[in-house]
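Each chain carries a letter (A, B and C) given by its place in the written order, and its residues are counted from 1.
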Amino acid sequence: MADMVSIPHSQPQQHQFNPYTENGGTILAIAGADFSVIAGDTRQSEGYSIQTRYAPKVFRLTDKAVLAVNGFAADGNMFVKKVRQRLEWYRHAHAKDMPIRAIARLIQTMLYSRRFFPYYVYNILGGIEEDGTGAVYSFDPVGSYEREACRAAGAAQSLVQPFLDNQIYFKNQTPAPGTSFPGHLSLSTVLSLVIDSFTSATERHIEVGDGLEMYIVLAKNSPSIQSLRDIRGMSELTATEDGERVFVVRRDLKKD
Amino acid sequence: MSIAAQTDSCPRQPIVTGTSVLALKYKDGVMMAADNLASYGSLARFKDIQRLHPVGKYTVIGAGGDMSDFQYIQKFLEQLIIEEFTSQDGHDLGPAQIHEYLSQVMYSRRSKINPLWNSLLVGGFKDGKSFLSYVDLLGTTYSATTLATGFGAYLAQPILRKEVEGRENELTEEEAIRIMESCMKVLYYRDARSLDKYQLAVITADGVKISESRHLSTTWSFAEGIRGYGAQTQ
Amino acid sequence: MFRNTYDSDNTVFSPQGRLHQVEYALEAVKQGSAAVGLKSKTHAVLLALKRSTGELASYQQKMFRIDDHAGIAIAGLTSDARVLSNFMRQQAMSSKMLFNRAIPVNRLVSAIADKAQVNTQEYGRRPYGVGFLVIGYDESGSHLYEFSPSGNSYEYFAMSIGARSQSAKTYLEKHYEEFADASLEDLIRHGLHALRETLQQDKELNVNNTSIGLIGPRSEHEKKGVQPEGAFRILENEAIEPFLKTMVAKEDPPAPAPAASSSGPAASGSGDVQMSG
């Protein structure tokens, strides 16, 4: 073993090319009973430089699945492109969109296939399950994944996740005597939590800011649509009739 | 065509290098600027190098980083444009398509650990729309109304943003030239790998125009008054 | 059928300068049920007649989606069509991957025409036994192309292929000048009228035996699909009911349809080969 370590360098040590960088930003998704919210900021940075104030990190895959990608931007964009390509072949073969739990497994295999030269990205997949429930799947760069109620990832994960643990899982809280915590939060509560998470992350983390993109996926005939009535900066992206519905809300975040 | 056919995984380093490239969107299209210097380390080796290159009828690419890699990029893009031209069916590649293609090449080369050592700006104007985007040796891409590579990202980008953001549709060509000139001047004063000779490219509905080399007039008399470091110690 | 002396090898010319194997391949197209294509300034549509091998069997697939901006209708060997359409899908996707551009329709057609040509020249190969009508929309507007196993491809205002397609062509030639400015509903009605001409005496177009493929803004009769608005989609079964209702009944009992240019079994309709489409 010692022999292996002590190979003498006859040449001057060359600068090793590092194929990765870190482009900042944060993503977040929360699942409700019959909806899912997937959000990300739009700043892209490297070191202390802001490269652009608008580079989307959240992508609509189908009318029931939205993918947020954070980490090394070049890997992220390529990964989304490849996932979309696989979904297109699925559509060719089956004339319908791939269900979200299948997309989640697909993403796992795609990430793990690069186990020894990973996509340096944290993925969060949100949407509506075939049974109509809201879903969030989160992944590590090499494909470990699980279904959860909420997840934050990226630069400000350490700021946002504890806040979510407290507000969504009610960690470190005790219900008032004779009451209990709600099983699922309403859409309007979730939207407020997401917006507050990002304004706070923008305040405290230099890599978060500029803009917020928040995708909302609603199950078929979801009554949650009521809470979207007067949301500022919202537009609908739904492609199908009488199915799930997709909305996006765009907001400004502080640019400093 | 065999782009990056070689899977030579020995990492290299840039040898003859260009410094910053600047670009902005203005009323009529896109403007780009880069000086004429190609350095060999700290030696100002070639002082009449063109770092802005037209690709097809609607696009200009500007390069910082390794100049031989840039020449290789010019070569295969030329090949691509010829292939596209020979199909003679009225379809041609605009700046967005060229940028996408370039990004794929840059990303696939970085994935082979054999990067093309450049930071590139792609600017263009086609079908009434201006286009401006960045790609580098890692395959990282982004777009904005003002872009700058290399030292320009630190020295010129703040000036460009202040002057251009929110005024993209009002800025005239004259104003854009003035902004570019002042940024190039800042770069020449502070970037030791820069030159006071540069070119401007404008891409508008009229097509691509790359200027003759322009000279920056600078004053150095203030240097006389500097005390406390360097040769003069008092 | 008939045999020729110079037909055992597709790479050998007959003394008349013909490639018999290639011509037989063109016959395979004529054996398939008819497909009709036509376009306006805003839309391109395909209509096809689906065969079923019997009461208990399902109907064949006559249309394939290639991409959001392109689709095909086929006549001939369905299995060959699957191979070629798969190739077209790959071409379309690689254009998106490399250039972020929807592949120009003419290039999509040239790509398969070049593939088909190779099969008419190389030893040990056979020509594809299928013809396509390709519709698409790109920077230069809506398009309709015919592709055939000989390696030829042409662009048309309106075209038909397959069994008894000459009758449909006759209809299209009479009406094509109206197509350019026609509404989607009118365009489809013309298409259905043309397709109807290819039917045998006692047959009618219905929701089971007709497919409609189209590109362009949505009709009021349509539901939104999984693709983006205006993208290629295939309408079948109850979705085509409202379009069938727009058809105008033929005035007089049809005169014996002029024998389709094809010969033998195709015209009689008894020669449905299981494999052929």
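Following the convention adopted for this analysis, a residue touches a chain if its C-beta (ideal position, glycine included) is under 8 Å from a C-beta of that chain, and two chains touch if they have at least 3 such contacts.
None of the values given here were measured: they were computed from a predicted structure.
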{"item": "Labels of chains that are neighbours to chain B and to chain C", "value": "A"}
{"item": "Most distant chain from chain C by Cα centroid", "value": "B"}
{"item": "Central chain (distance from its CA mean to the mean of all protein CA atoms)", "value": "A"}
{"item": "Chain pair with the most C-beta contacts", "value": "A-B"}
{"item": "Gap in Å, rounded to a whole number, between the CA centres of chain C and chain B", "value": "49"}
{"item": "Gap in Å, rounded to a whole number, between the CA centres of chain B and chain A", "value": "33"}
{"item": "Centroid spacing, where centroids are CA-atom means, of chain A and chain C in whole angstrom", "value": "43"}
{"item": "Chain C, residues touching no fewer than two other chains", "value": "97"}
{"item": "Chain A partner contacts - residues on chain C that touch it in the complex", "value": "65, 89, 93, 97, 223-229"}
{"item": "Complex contact set, residues of chain C against chain B", "value": "97-101, 104, 106-107, 138-140"}
{"item": "Chain A residues touching chain B - in the complex, by the definition given at the top", "value": "14-17, 19-21, 23, 44, 46, 49, 51-55, 72-74, 77-78, 117"}
{"item": "Residues of chain A that touch chain C when the two form their complex", "value": "62-63, 81, 85, 88-89, 91-92, 95-97, 238-242"}
{"item": "Sites on chain B touched by chain C in the complex", "value": "87, 89-91, 93, 96-97, 100-101, 104"}
